[in-house]
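Each of the next two complexes has subunit A plus one other chain: subunit B in the first, subunit C in the second.
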Partner chain A sequence: MTAGSLGEFEGQPLLRVERLRKYYPFTKGILFAKTLGQVKAVDDISFTIAAGETLGLVGESGCGKTTTSKLILNLEEPSEGRILLRGKPIHGLAGDALREYRARVQAVFQDPWSSLNPRMMVGRTIAESLIVTGWGNRTDIAERVRELLEQVGLRQDQATQYPHEFSGGQRQRIALASALASEPQLIVLDEPVSALDVSIRAQMMNLLKDIQARSNVAYLLVAHDLATVRHMADQTVVMYLGKIVEYAATQTLFDNVLHPYTKALFSAVLRPRPDRREEEIVLAGEVPSPLNPPSGCRFHTRCPFAMAHCSREEPPLREVEPGHLVACHLYDAAAAPAFARMKEEIVPT
Partner chain B sequence: MSIPASVSPKPVSETLRPLIPAFAGLSRFRRASRRRGVPWIPIFIITVMVSMALFAPLLAPYSPIDQTLRDKLIPPFWVEGGSMQYLLGTDAFGRDILSRLIYGARVSLLVALLALIAGGGVGLLVGIVAGYVGGAVDHVLMRLVDAAFTFPAILFALLLSVTMGQGLGTLVLAISLLLWASFARVLRGEVLALKQRDFVALAKVRGCSSARIMLTHILPNVLNTFMVLVTLNIGAVIIAEASLSFLGAGIPPPTPTWGGMISDGRGRIAEAWWVALIPGIAITLLVLSVNVFGDWLRDRLDPRLRQL
Partner chain C sequence: MSIAEQGVAIAEAPSDDIVLDVRDLQTYFFLRRGIVKAVDGVSFALRRGEVLGLVGESGCGKSLTALSIMRLLPKGSARTIHGEVLLNGEDILEKTPNEMREIRGRKISMILQDPQTSLNPVFTIGEQLREAIFRRTRGRTREVMREAVAALRRVDIAAPEQRLGQFPHQMSGGMKQRVVGAISISGRPEVLIADEPTTALDVTIQLQYLKLLKRLQEETRMAILFITHDFGVVARMCDRVAVMYAGRIVECGPVDQVFDNPSHPYTQALIASVPKMTGSTERLYTIEGQPPSLMDLPVGCRFAPRCPYADQRCLAAYPPSFTVGAEHTADCWRMTAA
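Now for the complex of A and B:
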């Protein structure tokens, strides 16, 4: 359905995130607040999502995943950088343009117990975006709600029930149906299955894939669970402390993990063959505070392969292999470490 | 719907109880009272009082205003000198106390109703707006609430009655001004908690305006708390009305009000105790009943509010 409008935007990615930064000031006092510092929740990240594609966003809690999704949902204003939907900046929209954006970009959140209004019938919840955009008359909307309920595998008569009558999995389907109502082009899925029982996770993921196949909707899948990302995502972005450390097609990335942080993430996953010994990286310590991130490479304090210049120089995100971007000094061209050392020796003179 | 556990701190008695045998019986009593059933007696008393107010002209045997000086200060029927003609006796002007009591219920309940609608309504509005909008709006509104709490309540009401003149309007205004702040403060807290729930952020993502979110997402979710606050405050409002009437700042005589009736009987409390005592008992019964009912309703609807 949404694919029809693709033509005029040929070549333009659906969503482009450009050098996005979000700093939260850390203040003291109320009336004459003093800024003591800034929490760098998201610090200069860029990526694109193509129509009908899924981008997985992985990282520990506190790495800026949720902030990124809030920025894309236009719930927060970026400190710097911009987000473009089909080439048009999304922040600073107002009135009809904002409503139109809201209809195109939707969300499903992690906690199904918190994402439905307990005092609202689920049919009304699903219809909400249609009601606020004046999409059609009562009967049209009721018809669309029935269609959506069926699409997510619920009964049509369940529209008049309240959220407490549903299980977690069913609630998440209702949340999905409400997100789908306005036929969005992008849905931000913030940990859509992590609150669900393992037994119904696969169901939910398959439902998401079915819907994508049918409607060509793009997903931004925020997750800390690698299995989910592997199953769902076409592209994967790994974040650490507000920065992208690795970015590649999911298959490429899973076949050949390059960044030490991503390696550590992977080695923390339970393996199907625990008896088989594999290289294991256990990270020491906590994630450093984003209020005062480490100098140079932000991962150097926990990196088992840290080199001397890692704490001084921030590694840029570079294409190390075709289509595989990594921000790590380990993959500097062979001459690079020597070059860097040389530069250091020369510059002071 | 998930309800977080009560946040009120454990009272000292909770920790002491296992150490002291005497607490054993008490805890059995408290456990029983915690899962108490419907409070039928208070409901009955409230129903009687409300019917008295609604059907006063049908129920009252005499006019509440007409004086029969010949029959003044007749005691209730069970006291020596009393008669079945005036079941609860008469006052210094020979007015039937039962009839005045029945008509007085009208004033008490009407004032309570109007004050709760006005004060509670303003509190609801302020609480929702302050909590949801936040920022400077929240600061300004909450400082107003703080200011309202510092008013000496009765003094302020007296001042109003002097400047605006006595009457129902003044009384309702005075009591509303005392009420709205506590409603606003509690409801704002509720809204702050509610705002963190994902469905509020999602409503924004769906394209709802702030006004719409407050009306369709926030308001329905604080109505329970609002109802509990209303019932818990009925008693306080009735007492405020009675106090003001007693002080002469309420409805002017000869309209019967319970507070005013106590005030009338005050001078002769030694020889004609019934004039003051009977409306006093009526106030006590009604306030006790609505409080017990309110407690029960709170436990049923919103256990988190136990500390109120």
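Now for the complex of A and C:
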């Protein structure tokens, strides 16, 4: 945490996402393609990640969390807005500067079965990123590979084995080792544990936390499981259809969920020991298409507390309580009656 | 060794109104490299109108147990070599393939994990649903049509008449899985095997689907064998739960009892290692090591190599099922004293 605060003393968070938008054109025809519309995969989102910190990005399929991570990994160009790493814009980088960026920002993906090259010994897979970033000579690289394997809880002699010789949990460790190889400042973790078995998942989560404590790397944790986010993340962002609906420190958010969509997500968490008193919001219908998102608040079509003007005016993301940002008209001063109704109905006792 | 011990467990299993009774089921893969004992002596009973959860991690044999019951084992090396699957007292392992075809869908039906692969992409959902209904009723087109619409309406699909003409790719994952559900229960089966039906769905859609399945189950009084790896789903859906490890059921009992008083160390560890929504966010409990290879199983308790309480006895012999409460059994030597 000490180095984490250092970043803030310099006045810059590690990563700053500013009013980011990514629209994909939806076209018809091949040669003289006509643009029929835009899929607004990510629509005006902003957040920051401090060094050594974990930001959890939660939402269902189609909410834009994968697009966001692709933009941060510099695999996609934003339509508008920008991303800054330590104050420097990341898009438009080329050559050595881009290579440098790739070394600083790494990724671990969901599926360890497809993210490793089956024909490459895992030591070689890990060494790859060291070779690309010019780590040093052969002995330095070999030494670093051994060190990395040890860091992720594998044996040094396993460097000469192939991916099929490992279980899913071990493969995910290998993916993590190769992400860590270039000493990144940020790792994008895209559903890093959801493909793993329950008992293996806990091992991986502990390992990720240990590595963060040691190396002060920051994580962007893309996940759908709230309990995982609660265990891992310092800050939590909840997205719905390309928009941020709620953003706060994890503790603050989990103690006092404000947005109706987040509330629905929380009540959809199936607890091993169900507390019968807990109120339940079952959302009707499914997530609308991002090609033609609902007007006004994008959640109004499924929101049990929608008011007349929710379909007309888009609620801004505002600080409703200290450090707790919510995009919802229920927290407007004018919405007092509907707000009272919601409090009555769903605030857990 | 196991047959006599399993006999003990069966005697203690509930005997009232059992619709599906699986006894000492063994399904092995015969490979050139050796024999993979994927399901190795599984016994359980399913009562009418009951939901039994079958929980375990990948490779524990839970899906293969389901496929053995349906007699839909992958072609080639897998064979059920021992055991009985009594459906209303009749052993369906003895049935001919033709008889089996009549049983599937009408008496016992299945929902698979991925709706993407269980629906045929080149037929409309109407054609797929009508096929299932026609095979059962041999009714006239109009009656089949009417029943197809009713089946879709039962699974909460709006405007079913229009949906019938659509292809699977025109629907979302949650809707496809509801269509699969509609097809599975169109024959009014007595037993439904649901193999991780919500794993591929988003959380809010999962909740919708589980509520729907529960409602249908209560309406039709069918029994469900619910295969999952998620204790949250078990708590939501099931009356009883069986925990599987390395091809065997290691603990079985009413859901509340198993959660409040997990008796097998593996069940305890599984429950402890799940991240929670309340309480501390410090380090999670982990089970060290990996499950044993199914080709080379230990002589004694299969969990012993990873178990913090293991002693000589555990390594020497597989424990019998001990009773730890009403309808609650655990295969662990530590229960001898209890």
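One rule holds for everything that comes next: the second predicted complex is superposed on the first by the 322 of 349 C-alpha atoms of A that agree within 3 Å, B and C clash if a C-alpha of one lies under 4 Å from a C-alpha of the other, contacts with A are read in each partner's own complex, and residues count from 1 in each chain.
Convention: a residue touches a chain if its C-beta (ideal position, glycine included) is under 8 Å from a C-beta of that chain, and two chains touch if they have at least 3 such contacts.
Model, not experiment: these values are computed from the prediction.
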Determine, for the superposed arrangement built on subunit A, whether subunit B and subunit C clash or fit. fit
Touch test for A:Gln151: subunit B only (first), subunit C only (second), both, or neither? neither
After lining up the shared chain so the two structures overlap, which partner does A:Ser79 touch, if you call subunit B first and subunit C second: first, second, both or neither? neither
Using the superposition on chain A described above, determine whether A:Thr252 touches subunit B (first), subunit C (second), both, or neither. neither
Please work out whether A:Ser46 is in contact with subunit B alone, subunit C alone, both, or neither, and reply first, second, both or neither. neither
In the superposed arrangement, does A:Glu60 touch subunit B (first), subunit C (second), both or neither? second
Which holds for A:Asp111: it touches subunit B only (first), subunit C only (second), both, or neither? first
After superposition on the shared chain, which partner residues are touched by A:Ser311: those of subunit B (first), subunit C (second), both, or neither? neither
Which value, in Å, gives the least CA distance between subunit B and subunit C in the superposed three-chain arrangement? 10
For subunit A, which residues lie in the overlap of the subunit B contacts and the subunit C contacts? none
Which subunit A residues qualify as touching subunit C in the complex? 60-61, 167-168, 197-203, 205-206, 209, 224-228, 230-231, 254, 264-274, 282-283, 286-287
Residues of subunit B defined as touching subunit A within the complex: 1-2, 139, 197-199, 201-209, 212, 216-217, 220-221, 223
Which bits of subunit C are touching subunit A when the two form their complex? 57-58, 172-175, 202-208, 210-211, 229-236, 259, 269-271, 273-277, 281, 283-287, 290
Quick check on the complex: what are the subunit A residues that touch subunit B? 30, 73, 75, 98-99, 102-103, 105-107, 109-111, 113-120, 125, 128-129, 132-133, 163-164, 175, 178, 182
